[in-house]
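Below you'll find the structures, each written out as structure tokens.
Paired with chain B in one complex and with chain C in the other, chain A is shared by the two complexes that follow.
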Partner chain A sequence: MPKAIMQDKLNDWLDSIASKYQLWAPQDKDGACLLSPYTPGAPVNLKCRPQLSAKKALFPQTECLLKYQYHKDKSKPEETELSISAANPNQKTVIWGIAPCDVSGISFFENVFIGAGYQDTYFKTRRSNTLIAAIACQHAESTCFCEAVGGSPVSAPDADLLLTRIDHEYVVEALTNEGATLIDEGLFTTVEEAKLNAMQQVKEAALSKLSKPFELGSLPSVADKFLKAFESPYWKEATAACLSCGICTFVCPTCYCFNITDEAQGMHGQRLRCWDACMFSTYTLEASGHNPRNIKFQRYRNRLSHKFSYLITNNNVLGCTGCGRCIKECPVGIDLRSIISHILAE
Partner chain B sequence: MKDILAELKKKAAEILPEVSYFICYGSGFDLLHSAPLFVKDKGDIDRLVLNRFCIHNLTSYLPPQKWPPGWLLEPGEKIGLVLKGCDSRSVIHLLAEKAILRSRVIIIGLPCWGMIDVNKLRNRIDINRINRVEQDKESIMLFTDANEVSADIKDILYDKCINCQYPNTLISDHFIGAKKEPDKGVQPFGKVLELERMSLLERSAFWDKEFARCIRCKACRNVCPVCYCQNNCLLDTRVPHWIKERVDANSNRWYHLIRAFHLAGRCTECGECARVCPMRIPINLLAMKMNSELFELFGFRSGIDVNIKPPLMTFQLEEDKL
Partner chain C sequence: MITNGKKYEGPGGNPYIPMLATVTKLYSETPNIKSLHVVLDDKEQMKHVSFEPGQVAQLSLFGSGESTFVINSSPLAKEHLQFTIMKTGEVSGAFHDLSEGAKIGLRGPLGNWFPYQHMEGKNIVLIAGGLGLAPLRPFMFYLLANRHKYKNIQLIYGARSPGDLCYSQDWTIWREHDSKVKITLTIDRDVPGWEYKVGFVPTIVKEEAPSAENTIAVTCGPPIMIKFVLQELEKLGFAPEQIYTTLERRMKCGLGLCGRCNIGPKYVCIDGPVFSLAELKALPNEL
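Our next item is the complex of A and B:
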């Protein structure tokens, strides 16, 4: 049975979670809204859609994969020994207050990073130690289109808890047993029939706020259309204004490209995994100097075709949750909704 | 600016046969945004817009070093574009650096009444539900289904527009509309002076906090009209690996400080680097600080005179000011 908590008790609840878990929550920071580590008592903002998605909690922008150390024995100068210690990011974590589109982003990552073909230890360890408390989204932005790509603003089946705001109160539904353990009895009240109905109404109202910019059709047919449009001159035209920056990829909950570098300091160092972006001109630059994606339309075409074609073919998933961040943050107004519509109609 | 839209469309149609593309503004993803528009066919001229949201500095698309052949414009092709006063400084500077050819560009100039910073509207109204906007020179009315607000333009302009020294395009082939009086008593480096009033420790804490937020998306560099080093940029080279792959306050600091040095007397103060920043970092202030130093030393202002050699491109054996 769902429980309810008053808005002014939220911090008490979060403080209690934070005493047992590493806790991420959306907060206002210097004019930006960001999902950030929670410090007791900090004001949270459940009405914003953070500029960066929740992927950063499970797939940090800079991640140390391992530390290494060379050892030399002066008596045997020809020999070098190497010791390696791999990171084990198994800290118990709660990601709190994220919208359903960000939960879909995490599920998407599972498909790629702990799918049938490949298991990423680091992501897997983080994910299996993480609980998610999602919030039904009543603040759809003008750029949101989660429903058009198969999502819903008010349900998050892969979360552990789902919060729904009704005026100054939050109804909290436990979707998993582990999620239920986060509900701190002392702070919550039981929920009557009337409140459950109110919750249902709030969810329905949220649904009607969304725009549906296109009808996707079956996933294989989408994959096919994008493949067929590969040579279309439209790509060049649609991306004329693009700056080849990393904004759309970095803010995206499903973009997962990374780069691995060794950061050496004399005899020791770290192996780092850092976000990369297929929109950067250097992303495909080869050592010979040749660049197979030298021109920005080729890079943008890759980004979208990856999401709407290659991932469908390879993993049977769509690489877009409809969060709209790439539209809102793109500095030159490139709107993937209109590009998708165009390709689907071409 | 609406009143000169018809005139702009007429001029655009006139020059279109001479250029491969005319770069201007079209509508954006909602009523509070416009977006760069590349017009090739006469039929598309009707898509032109001119409003208080045409903030983009279209000069970013000019340097051929920045965009390899094949993206849209080929080297040597003529380009037409519409430029605001501040944007035209970038063109003048690129000409002074001989980075672009004057014969390649046809510029339509206009008077500008200032652009609206959508971030300054956020606290006034739900910017996601705007369904009508009415604007004139002094004020703006925004409507949602539930609500309407009006605002004094001065309160919601971009910082750079609040005191605009160059509201009219400084270099153009065709000027449309009547020139606007520049604002009086403009302190061009005002924001830098504000930061300088902080103590050293406060200022360093301020920048540490900003650098810690930076996600190194490189949008500030990519939008900058005078950042055209492409793959040779310090941020992208691997040998030497100037900037660590690690994204943290420390390595971000190196990126931004070195870049600021490369922008000394080259930054044209268009503010685009700060506008595009997804983390809302006022990164333009670093280059502005370098400009203020060069102004103090040599009286140099970038992007004002095509014939003055920018300080970074010249030197004297005996500098009298150093």
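Our next item is the complex of A and C:
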């Protein structure tokens, strides 16, 4: 049975979670709504959708993959020993208060990073130590289109808890047994029939707020259409204003391209992984000077074809959650909804 | 552990983590190309080393980074793994500066290989330019070790000048192997004392005109050379299914995860580096 918690008890609840877990929660920081590490007592904001997606909690912008150390025995200067140790990011974590589209983003990462191919040990370790508390989204923005890409603003099947706000109260449904352990009995009340009905109404109202900019059709047909549109002159036209700034990839919950670099400090150092972006021209620049995606329309085309074709072919998953962040944050107003509509109709 | 055709597991099951290894020998092939012999520090693992001709590995120089190189020693030899590195950037330059005994890391084998089983009973033409002989070297060792399974073998190999030809100690032996193994060498411009062909590789392919009948052609080298070699092969009647090549792309993870090396839905690092021309033709044109 769901439980309920009053708004003014949220911090008590979060403080108790934070005593056992590393906790991420949406908060107003530096004039923006951000998913940030929670410090006890800090005000949280459940009425906003953070500017950056939740991927950063499981796939940090920069992380250490391994540390290395060279050892030199001064009596045998010609011999050097080397040792390496892999990072093990196994901290127990709760990601709290994220919208269903961001939960979809995490499920997407599971498909790509711990699916059938090579497994990403770091993501896998983090994910298996993480619980997710989602919130039914009642603040759809004009750029949101999660339903059009198969999502829903009010259900998050891959989360452990689902919160629904009803006025000054939150109904909390446990979707997994582990999620249930987060519900601190003392702070919660039982939920009556009437409240369950109210919750249903809130969810229905949220659904009716969403726009559906296009009819996607079956995933294989989408993949096929994007592949067929590869040579279309439309790509050039649609991306003429693009600055190759990479903001769209930065805010996207499914963009996962990364770079690996070494950072040396004398005899020791670490190997780092950092977010990278296929929208940058240097991304595919080869040592010979050749660049298979030298022109910006080629990069944009690859980004969208990856999301709407290649991922379907390889992983049977769509690389878009409909969060609309790339539309909202693009400095030149490139709207992928119209690009998708165009390609689907071509 | 390195095993045939399996995924690279990595220490502790983490495929990002290299196995530690030692550079046991380092020598110059040409003024800007060096070969190195690498031995895994774990002796048991080294004993069971197994890779297929055409497979690559990621070599780590901790502090400088990682780079992809084809394993070019014989797939039948277990003493060491050989890599050949052209000095092009920071990481390759750092490898050139190593001395024997240097400690490095190795992830591999990675990627696919030449489908030699499908080539049994056929003539094989290998066409290479410059360092493009590196991926074909282990393949040649394989073919010669399984000589009875293949018909005529021809290697057409070219470089700018005699001093730019790699692996001279190998092809001088290969050409003595038997009467049906033919080695055709060429350089771009004639120099005094050169007794073989002169001309670009595609021109020599045209001149040699290998028959497409029951033949597989494999070509590796600079992209521009490959482009013209493919044209010549098609003129000679080779179908796209009869032609293989290896692709090079900028790579990082080698695991199909960092997203860098794709051509359409295929990743050069896990679905390649070996592709038939038929496979390439089915992909978006983004080479």
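We take it that the second predicted complex is superposed on the first by the 346 of 346 C-alpha atoms of A that agree within 3 Å, B and C clash if a C-alpha of one lies under 4 Å from a C-alpha of the other, contacts with A are read in each partner's own complex, and residues count from 1 in each chain.
The definition used in the following text is that a residue touches a chain if its C-beta (ideal position, glycine included) is under 8 Å from a C-beta of that chain, and two chains touch if they have at least 3 such contacts.
Being a predicted model, the structure only gives us computed values, none of them experimental.
Partners chain B and chain C, brought together by superposition on chain A, fit side by side with no clash.
On the chain A superposition, the C-alpha centres give an angle at chain A of 90° between chain B and chain C, rounded to a multiple of 10. Of the two partner chains placed by the overlay, neither chain B nor chain C lies in contact with A:Ala238.
After overlaying the two complexes on the shared chain, residue contacts for A:Val332 are found with chain B alone; chain C is out of touch. Contacts of A:Ile84 after superposition: chain C is touched, whereas chain B is not reached. Contacts of A:Ser142 after superposition on the shared chain: chain B is touched, whereas chain C is not.
Within the superposed three-chain model, A:Lys29 lies in touch with chain B and out of touch with chain C [touch as defined at top]. Once chain A of one complex is fitted onto chain A of the other, the partner contacts of A:Asn259 extend to both chain B and chain C. Judged by the touch definition given at the top, the superposed model places A:Thr284 against chain C, while chain B stays out of reach. Judged by the touch definition given at the top, the superposed model places A:Ile343 against neither chain B nor chain C. When the two complexes are overlaid on their common chain A, residue A:Val171 makes contact with neither chain B nor chain C.
After superposing the two complexes on their shared chain, the closest approach between C-alpha atoms of chain B and chain C is 7 Å.
When the two complexes are superposed on chain A, the residues of chain A that touch both chain B and chain C are 259, 261, 285.
Listed in rising order, the residues of chain B touching chain A in the complex are 21, 28-30, 33-38, 56, 60-61, 67-68, 70-72, 119, 127-130, 209-210, 213, 215-219, 222-223, 230-231, 236, 244-248, 272, 275-276, 278-280. For chain A in complex with chain B, the touching residues are 29-32, 51-52, 61-62, 139-143, 236-237, 240-241, 243-247, 250-251, 259, 261, 263, 272, 274-275, 277, 280-282, 285, 294-297, 327-329, 331-335, 337.
Contact residues on chain A toward chain C in their complex (touch as defined above): 65-66, 68, 70, 78-82, 84, 86, 112-113, 117-122, 227, 230-231, 256-262, 264, 269, 271, 276, 278, 283-288, 290, 292-293, 298, 302, 305-306, 309-310, 313-314. The touching residues of chain C, when paired with chain A in their complex, are 7, 11-18, 20, 60, 62-66, 88-89, 92, 101-103, 105, 222-223, 248-250, 252-253, 255-260, 262-265, 270, 284-287.
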